[in-house]
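The following pair of complexes shares a single chain, subunit A, combined with subunit B in the former and subunit C in the latter.
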Partner chain A sequence: MTDTEQDSLVVGPEHENRFSSGPTANFAKGLLWLLVVVLAAVSLTFILSRVIPADPARLAAGLEAGPDQVAQVRQDLGLDKPVVVQYVNYLGGLISGDFGDSIRTRQPVINDLLEALPASLELIVVSFTMIAGLGILLGIIWAYWPRGLHSVLLRIIAVAGSAMPVFWVGLLLQVGLAANIDWLPIAGSFNHRKYGVDEITGSGLLDSLISMDTSAIVEAIRRLVLPITTIVFHNIALTMTLMRSSMSEQLQRPYVQAARARGVSESKVVTVDALRNALNPVVTMLGLQLGWSLGGVVIVEVIFSWPGIGLYAFSAFQAFDYNAIMAVTIIATASFVLINSLVNRIYRVLDPRIT
Partner chain B sequence: MSLLKVDDLTVYYAGEQSPALKGASFELDHGRTLGVVGESGSGKTTVALALGGLLPSGAKMKASRIELGGHDLLDISKRKWLHLRRSEVAFVFQSPVDSWNPTRVLRVQVKDALQAAGRSDDYSRLVSVLQRVGIDDPDRALGSYPHQLSGGMLQRISIAVALVHEPALLIADEPTSALDSTVQAEILEILHELRTEANLSLVIISHDLSVVSRLADEVVVMYGGRVVERGETEDVLGLPVHPYTRGLLASVPKLEGETRTPLPAMAFGEIADQGCVFATRCDLREETCLRTDPLPIEHKSGFVACGPGMEKWSKERS
Partner chain C sequence: MAESEKTARRSVDPLTLWVLVTVLFLGVLILIPGVLAPHDPYSLEVSNRFAPPSGEHLFGTDQTGRDIFSRVIHGAKYSIGSALLIVGSASVIGTIYGALAAWYGGLADRLLVRVVDVFLAFPYLIFAMAVAASLGRGLNSTLVALVLLWWPSYARMVRGQVKSILNEYHVMAAQTLGAKKSQILRWHVIPHTYNQLLVRFTLDIGNALVALTGLSFLGLGAQPPTPEWGRLVAQSKQFVLNAWWYAVFPGVVIFVVVLNFVLLGDALRKRSTS
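Then we have the complex of A and B:
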């Protein structure tokens, strides 16, 4: 990745930093930026939800409802008011964390989301850790020993992983592995009640770890294997190949040779000197990946019936559950912007020349 | 006894058909300075890297003998190389800015190097060496990132770090080429003084003849990966024999207003597989030059790899 490309990838307030400085000013700017982006996302999804030729009142009232009932529902939901009023009301609700009610589950959307979030976070955290850790490690190995059997293998993984769509990988694993190996479940997530594990965090893995019940822990891991493999297989290619090219570029830099000439050991030259510089583009890329991950898990959650935000969003789309759709969109956007501004901070720690 | 002895050194870079260095031979006694001159691409850096075991991976190195301070460099483990670089042979490279990791404070990089050698009093000694090479405030300099210091400062730090373990040999590959002329002069002065102070043997690589003539006791002239002429500095640069050396000297701009004769430029891929590497550019070229490799002819303290040049030289002398 070239420097200019990196610059254009930078999302957030970093560009304004030349004009004023100070951590507080930066923080305030970051917050302001977050608000602007989220507001834009809210407005856009709001407009979209109102121009799409589907009638939420009609859907909410149900197929059997007559015109009077639909009109009643429309009034209850506030959909009979002018669009501008609806918009202002919606924004007003957002400030107090109220995303409206779901017409599908008939509960506040925020409750649905909080219920679904732990399952998604579990997938995201576990897969992202593996993508980052494994991808960086394999990339370093690949760059340092570019020839040999392992490099052929890594190349195949990289090409196959990035070329195959996620749903395809997921289905292949289900058909090829889960169907033949009894131990691997085809779909579904950890069932707290069945294993008598308290729902403390809502994440099967964490709760079973807290319960310290071995069979529950094994079950939680068993459930994770296929969805995680699917995500990691598809996403690790980018990290691995970027790490490799970035690392081999750094290894050819004169400062690496100079450090070797000063008698610094090979392991230190590679893992301290070169790695530090090679990580820059990888961190940026991983940040973007993490930012997208909330949207990225939708397909995986649907394939593996994983009850997270993605599956929730999918069901919401099918039912044209407009409040739920808007809520998911807003949260996905906000997390993207937030994660990116965090990454930019890490980036600056890695490279002191960026002020 | 000689400190460094190189016989018939040949280097191929990974995937290259023609050698970057072919059959180079030279030696260096304790406390003496060897200048290596030649135009860009003639293989000067390759010589330096080969002597430090620093050639990039995939490069192939052959020689009938390379000895440094009694160590046989042809048959040496990776650990031994590390040990040598920490105690026997040190380097200073062309670009001071590129010699340091841009994202780490100099102090930690310097400490990495000192720790590698694992001697306890090194840091305080480094501080005094730094002062010796003209860094007035070592603490502040080492507390900086490379981009915060000038090229001259960084090169001084490079020299200090190279010398802190009192190596027997310092290899300086174009140590002043990236610096402006006043700083160049200062750095050369430092090297000049340290040579005697530290009883240092020095290999100074440069395409700048004035640098070499200033510091070197002996000179090796390289062209197209071969050593074409070798000898005491005053012999080689004073009364050059090889047509390439002559051309090189004639092309140096002179202050007194003499016109300089430009050396005809070398076209890419012009170096022939067989025969004399310089033949295509040479005004003394004979039929045989294109077919057979010139044999080194002993001359004064060294040798010249050019028959016709030797003849012309003898004629001019008589």
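Then we have the complex of A and C:
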């Protein structure tokens, strides 16, 4: 569901600005919008979780439990109450950050999520930085020198990257670089205990950097190579092509000619004058990509057994662990809306013409 | 210039030929796979498990000795058929919804747009997992989940288009002549959205195929022994070390089909804008 059309890139109430008046009103509206979307996500997933074919109480009680025990568990979980009461209780819990307990891990879901979050954030932050940096750079190069061998290569990467399913890219990398020639670890994330690194942030890369242990840092990076390559290869196409088209459009504008006529150096014309205008649509698109990233890493985490939110959601799905599934859905939705409203703010700083 | 264009039109137009070949080939794959498949996609031949690609088994065999080439061919109706179904339903629902929103305008429009925005904010993969977990695993619940998440982008696109078409002279002319509202919408507005809709539809078949195979890779879609393409790649995962062909060939087929639709969509877009 990748929207490349310019007009469909703006998500949320921001695209109707007739009634906005000042930053405070915008902020309040953004917050209201966040509430509406999250409430919709909660309600939808709640309704869905109550039509689950499997009986959650039965699952929670375990296979050996007798009918009495199942009834007891049902009462403990509040599943015997009317659905409306359950819904209100769930919402009440959400306000205090309580997503209920996981049937699978028998812990509060929020604890599981906090445990899984650093691993996902590590993947997202590293891959997003590379997508943004590399994508913008390659897009500029492509726009400035549109002919030549490199442009053919970039076009192939752009088309192949978006047409190859992400799970297949991951598998190919495993077959090519890990399974047959043992260059890189085939799956799994950094093992803190094996390298005697303290778990401070939970992210293998950060913790090994803090420990200043070279072999641990190398190992943490080696673990990241395949999953990051998979994500970047799949997602860089959009940034790169959008940057190219936006940049080549700007380079033809009169103000660029004027700057050149004034004797401004080529590198300044491109990186200062044209880049600032060309970045606008790219920033919006990157914001959308960042918003989707929490949902987007699921497949990559599953292929590479990366213990983040995506793998957690996948295991929860397999065990019909409905509290966990709901929590991940809610958090992924909320982060999408939040990131988008933040990006809209940045967008306005970049281009003050947009009110 | 105009003369040379005319002669070019009279000879076979490469784009039309491309569309015809694609439709014909996929039609054969979906409707009569038996014609192309050399083996039965379900027949086991355990003595011949993990046979590498050969003249007899073009794509090799899997862990139970089934011919992967035949399984891929028979899988087309599940994978491409589902992608067509998803994009088809989503575009019909989205078109009607978007056209109505644009047509009524005012408060109704604003409300309808908000609903679309809410849907667009859902992370599709995780949401599809939630839907599949509640409706039960299987191709049908995955189809429901994807249609549920796919129609809003059509609604948004069609709404924007209808809004701008409503301001055009031919609509005003029809209004002046006393045409009924429903007639105007049906005969003077919606047909003008078909061009962009077709471009989007073509591109989206590829996108839907990627989304669907991704979900069934996670075990949400078709269940074994259905030779759905994402499922085939998923099953190959545990044999990556001893049978590279199992992971590679079904993936190549997905890639080539998606690529075909992406390039075809691009070509259609270029034609409709030029």
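What we mean here is this: the second predicted complex is superposed on the first by the 338 of 355 C-alpha atoms of A that agree within 3 Å, B and C clash if a C-alpha of one lies under 4 Å from a C-alpha of the other, contacts with A are read in each partner's own complex, and residues count from 1 in each chain.
Basically, a residue touches a chain if its C-beta (ideal position, glycine included) is under 8 Å from a C-beta of that chain, and two chains touch if they have at least 3 such contacts.
It should be emphasised that the depicted structure is a prediction, and the values quoted were computed from it without experimental measurement.
Asker: After the alignment on subunit A, I want to confirm one thing: do subunit B and subunit C clash, or do they fit together?
Answerer: Overlaying the two complexes on subunit A (C-alpha atoms) leaves subunit C and subunit B fitting together cleanly.
Asker: By the touch definition at the top of the document, which applies to A:Ser211: first (subunit B), second (subunit C), both, or neither?
Answerer: Neither subunit B nor subunit C is touched by A:Ser211.
Asker: Based on the superposed arrangement, let me know which partner A:Ser315 touches: subunit B (first), subunit C (second), both, or neither?
Answerer: Neither partner.
Asker: First (subunit B), second (subunit C), both or neither: which does A:Val298 touch?
Answerer: The second partner, subunit C, only.
Asker: Using the superposition described at the top, determine whether subunit B or subunit C touches more residues of subunit A.
Answerer: After superposing on chain A, more of subunit A is contacted by C.
Asker: Here's one for you: vertex at subunit A, rays to subunit B and subunit C, all C-alpha centres; what's the angle to the nearest 10 degrees?
Answerer: Here the answer is 80 degrees.
Asker: Report for A:Asp351: first if it touches subunit B alone, second if subunit C alone, otherwise both or neither.
Answerer: Only subunit B is touched by A:Asp351; subunit C is not.
Asker: Give one of first, second, both or neither to describe whether A:Gln257 is in contact with subunit B, with subunit C, with both, or with none.
Answerer: First partner only.
Asker: For A:Ala40, decide between first (touching subunit B), second (touching subunit C), both and neither.
Answerer: second
Asker: Can you give the closest approach of subunit B to subunit C, taken over C-alpha atoms and in whole Å, for the superposition?
Answerer: The answer is 7 Å, the least C-alpha separation in the overlay.
Asker: Once bound in the complex, which stretches of subunit A touch subunit C?
Answerer: 1-3, 5, 7-8, 11-13, 16, 36-37, 40-41, 45, 48-49, 51-53, 159-160, 162-168, 171-172, 174-175, 179-180, 292, 294-296, 298-299, 302-303, 313-314, 317-318, 320, 322, 325-326, 328-329, 332-333, 336-337, 340
Asker: Touching residues of subunit C toward subunit A in the complex: what are they?
Answerer: 110, 114, 117-118, 120-127, 129-136, 149-150, 153, 156-157, 160, 206-207, 210-211, 213-214, 217-220, 230, 233-234, 236-237, 240-241, 244, 247-248, 251, 254-255, 258-259, 262-263
Asker: Hey, which residues of subunit A end up touching subunit B in the complex?
Answerer: Subunit A residues touching subunit B: 252-255, 257-266, 268, 272-273, 276-277, 350-353.
Asker: If you look only at subunit B, which of its residues touch subunit A in the complex?
Answerer: The contact residues of subunit B facing subunit A are 49, 52, 54, 56, 78, 82, 85-86, 90-91, 93, 95, 98-104, 109, 112-113, 116-117, 145, 147, 158, 161-162.
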